[in-house]
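Shared between the two complexes below is chain A, which pairs with chain B and chain C, respectively.
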Partner chain A sequence: MKRLPAFGLLVLAILFPLFYKDYWLYVAVIGLYYALLSSSWSMLAGQVGIISFAHAAFAAVGAYTSAILVIRLQIPIAVGILLGACAAAGFGYLIGALTLRMRGPYLALTTLGFAEIFRIFLTAEYDLTRGSYGLQVPLMFAGNKILIYYTGLGLLVMTLWVLYLILDSKIGLFLQAMREDEDGAATRGVNTVYYRLYAFVITSAFAGLAGGFYAHVVGLVSPRMALISEMGLILAMSIFGGLESLLGAALGAIVLQGLTEYLRTFEEWRLAVFGALVLFTLRFSPEGILPKLYELANAMFHRRSQPVKAGSR
Partner chain B sequence: MLYLDGIVKDFGGLRALSHLTVSFEEGQFVGLIGPNGSGKTTLLNCISGIYTPDEGTIRFQNKVISKLKPHRIFQLGIGRTFQISKVFNRLSVLKNLRIPGLTEGRMDVKTIDKRAEEILTAIKLDHLMHEPAASLSGGQKKLLEIGMVMMIDPRFLLLDEPFGGVHPELKSQLEDYLLRLHRAGKTIILISHEMPSVFRICERLVVLDHGTLVIQGSPEAVRTDERVINAYLGGNYEA
Partner chain C sequence: MVIGTLYALMALGLSLIFGVLKLVNFAHGESMMVGGYLYYFLATSFIVHLLGLPLVVALAATVPVLFFFGFILEQTFLRPAYNRQTARYDEYVILVTFTLGIFLQNLALPLFGPYNRQAPAIFKGRIRIGDLIIAGDRLTGAVVAFAVIVVLFIFLYRTYWGKGLRAVSQNPEAAASLGINVPRMRSMAFGIGISLTGIAGALLGQIFLVNPVMGVPFAVKAFVIVVLGGMGSIKGTIVGAFILAVVESFGSILLPDPTRALAYKDAYGLLLLIVTLMFRPQGLFGEKVRRA
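Let's turn to the complex of A and B:
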């Protein structure tokens, strides 16, 4: 019964291209990219308690790896995307190993430092990445939006499925224990070093996968992908959708991406709207707006469907 | 069985443990006492791997464990509890018990749950099995911590202030449970400021002050020792 809304959303998502073509379908594809990033980031931040600001940079690692390999080695796009995810996982391992003993703000600032270094490298380097011009990348399915949309949807469903499988396993239990108290988990036998790295590697791999997908959707990768404002967007989407709910974070991304397009005429002011939304969410519904709405709708549905007892009036 | 040789632990300019040498034999129920800041908890942290000693070695069953990670030490059969209970508040009581069971690696979930139910019945928390640990009282959390440690049937239990802030009725239940564990062959090292309980249930006391060993011996010998009376118990102490 609890899975019913998720299946309902999936059916809606499958039917979406029947009603929306071209522009809004493209917006939805970009929404799927951010949904991949938000859900994997919420796994790291909401379920494990590791606040990393390098997630957008990991996506850029995936995007550039896939782009360079596809352009230079002429490998199939799907292989490029997979190798991009592997490269991001490798970077995730390095950053995870570097920050093993760090907690809270120290960890967050170190990941921010990595993200900035990587972005500056992409901008300053020219032979490989063409600096701030970026790289022209072949489009997947020759730009067929419907096929691209279903590929993105498939990737999101697969990502959520894998992440929920992990959360439901003993590893998920260990990660949740570590979020609450790392020393407590370690003294009950949890190899916290291993599982911390595990969380970094898995979530970075999904960020890389998202990045690779994005590269072959928009046909251009540039250092803008690793901008801190991109990370801010992922953060806003995850908080809005519900930091501790993977599905909520994914939905938050799709809703806010739709809102971004809707508010396009406001130009840079839409970021201020996002900021206000995050503040509003954190103040009034820290568990996220979407889980709150779902809870309210559920309560209303149950109230309506309850039979009126005889003599109750 | 557990042998600490010349353990030194410094925190900046403060020496918490100073060339401490002490051993604990299998099957003993030892009380580790001393004034605040005497190094009791630091000692437990060194044994359980949270701190690595700056000098000295810790041997458990002839194996050096002073540089092992906490999870490895736990898997060797040394379980510990904390002064401020480290239970996982957002998880259910049952899931709290599953964690150490799953890390042990040899039990399937069915066996783990069966063992968890047995332990919860023994510590009288079975009716709260599916409640979040956050809903437990302070005393119940102390019991749950001991239950978590018992999931791997450890040989050695390090208990840091298990009676602290516990309701008298629950305290007596806890004492009974610890005595039962001791009779079942567990080695227990207990830190506590609850001197009546310590004198009642421990068969050997180790007294620390300023990170050094003041005296060790039977409760009677410790109770009448001049140095302990002056440093810790006070002149007119009666158990």
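Let's turn to the complex of A and C:
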């Protein structure tokens, strides 16, 4: 029963290209990119309790790895994206290992520092990355939007499936235990060192995957991908959709991305609006707006029965 | 030395907030930006011109406004988290302050436009000390920053309120049991922290330029300084500021390629940050925090 809405959404998503062509399809693809990022980020932040500001940088790692390999070595795009994900996973391992002993604000600062150094590196190493001009990258499927859309959707479904599989397993339980009380979990025999690294590697890999995908959709990678404001966007989407719900975070990304395009005329105001929205969410409904709406809708639907606590995961 | 003093001032706000509220204010750069704009508008406003007031008055006027701003922010967004005594206070406040920063920055963008503004300098001209020539704006910055730091020290170590702040910083429970209004102190610390940051922004706005993202590079520097000196330690912050100023100026000589050296100038600070966090997370002067 609980899966029904998710399947409904999937059907809607599959039918989407029938109704919308070119422009909105492209918007949806970008939305899928952000959905990949924010669902994997909310896995890290909401489930494991590690607030990392390096997620956008991991996406840039994936994007640049794939872009450079495809351009220089002429390898197939799919292989490039996979290698990008591997590179991001490697960076994730590194950062995870460096920050093993850190908590809360210290961890956030270190990841922020790493993200900024990486962005500076991308801007400065002109020979490799062409600095802030960015790299021109070949498009996937020669730019066929419908195929790209289904690829993105496939990636998202796969990501969510894998992440939920992890959460449903014993490992998910360990991760959540670590979120609530890391020392407590450790005394109960959870290998916290191992699982922290594990969480970092998995989520970074998905960020890298998203980055590689994005590179070959847009056809341009630039250091802007690793900007702090990009990270802010991911954060806004995750919180809006519900930090502790992967599906919610993914939906939040798609909704906000759609909203962004819809509000194109207010271009410069929109991030301010998002900021206000997120502040409001955090203040009044920290579990996210979408789960709350879902709950309300549910309560109206089954007026008699108890409202189901939705989106608790 | 001049840059070091300014660095110290802007990092002190962050340090004070961390000491009392136990949170890193990720909206630090934006607080600085708010201060910069506030000073700019006050200094160019007609009231100041009409009355022929000196610009120092405009600078002084930013302080109560910023204090109030910080005070309100704490009451609105941070107080509930503290009251709820949530186990995940750390994460909540990171998210809130970070979002606040994004919000302020993107509010300033459409409101004031992305272009640079030159805030009027309090003292123009140059001063020659021996062979050294110092531009007036930098000198003003250093002098005012130094004065503010002295006032802050007097406040912290000679007044009742200052004592209260330090007590809460050391042990909130004990402070509360001795009749100190802890929530009030927290709001006050946030207000003072924002004012300090804002004055630093106003001073930096005279030297460099005022724009919506002016605070970002300085915020990163402030993070480095505070971590280096030890989170929440006032003396450590000042020492950290001078260390960073020295490292930055020597670091840029290290790389031969000038464009690359300039680009990596900020990276040195960040590297310093990560190395400190790895090997001595309590900083140079910080106390070792008991792991909760």
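Points to keep in mind about this one:
The rule is short, and it goes like this: the second predicted complex is superposed on the first by the 303 of 313 C-alpha atoms of A that agree within 3 Å, B and C clash if a C-alpha of one lies under 4 Å from a C-alpha of the other, contacts with A are read in each partner's own complex, and residues count from 1 in each chain.
As a working rule, a contact is a pair of C-beta atoms (placed from the backbone, for glycine too) under 8 Å apart; a residue touches a chain by one contact, two chains touch by 3 or more.
The model shown is predicted, which means the values in this text are computed figures rather than measured ones.
Touch criterion not met for A:Ile71: it reaches neither chain B nor chain C.
When the shared chain is aligned, chain C comes close enough to touch A:Ile51, but chain B does not.
Within the superposed three-chain model, A:Leu227 lies out of touch with both chain B and chain C [touch as defined at top].
Looking at the shared chain after the overlay, A:Phe174 reaches chain B, while chain C stays out of its contact range. Once the two complexes are overlaid on the shared chain, A:Leu25 sits clear of chain B and of chain C alike. In the superposed pair of complexes, A:Asp183 makes contact with chain B and with chain C alike. Of the two partners chain B and chain C, more chain A residues are in touch with C.
Once chain A of one complex is fitted onto chain A of the other, the partner contacts of A:Val162 are absent, as it touches neither chain B nor chain C.
Once the two complexes are overlaid on the shared chain, A:Asn191 sits against chain B while remaining clear of chain C.
Once the two complexes are overlaid on the shared chain, A:Ala236 sits against chain C while remaining clear of chain B. Under the contact criterion defined above, the residues of chain A that touch both chain B in one complex and chain C in the other are 180-181, 183.
Here chain C touches chain A in the complex through residues 18, 23-24, 26, 76-77, 80, 87-88, 90-92, 94-96, 98-107, 109-110, 216, 220, 223, 227, 259-260, 263-264, 266-267, 270-271, 273-274, 277-278, 281, 291, going by the rule given at the top. Across the complex, chain A meets chain C through its residues 45, 49, 51, 53, 98-99, 101-106, 108-110, 112-114, 116-117, 120-121, 123-124, 180-181, 183, 228-229, 232, 235-236, 239, 268-269, 271-272, 274-276, 278-279, 282-283, 286. Listing the residues of chain A that touch chain B in their complex gives 170, 173-174, 176-177, 180-181, 183-193. Residues 48-50, 69-71, 74-75, 79-80, 82, 86-91, 95, 98-100, 102-104, 148-149, 152 of chain B touch chain A in their complex.
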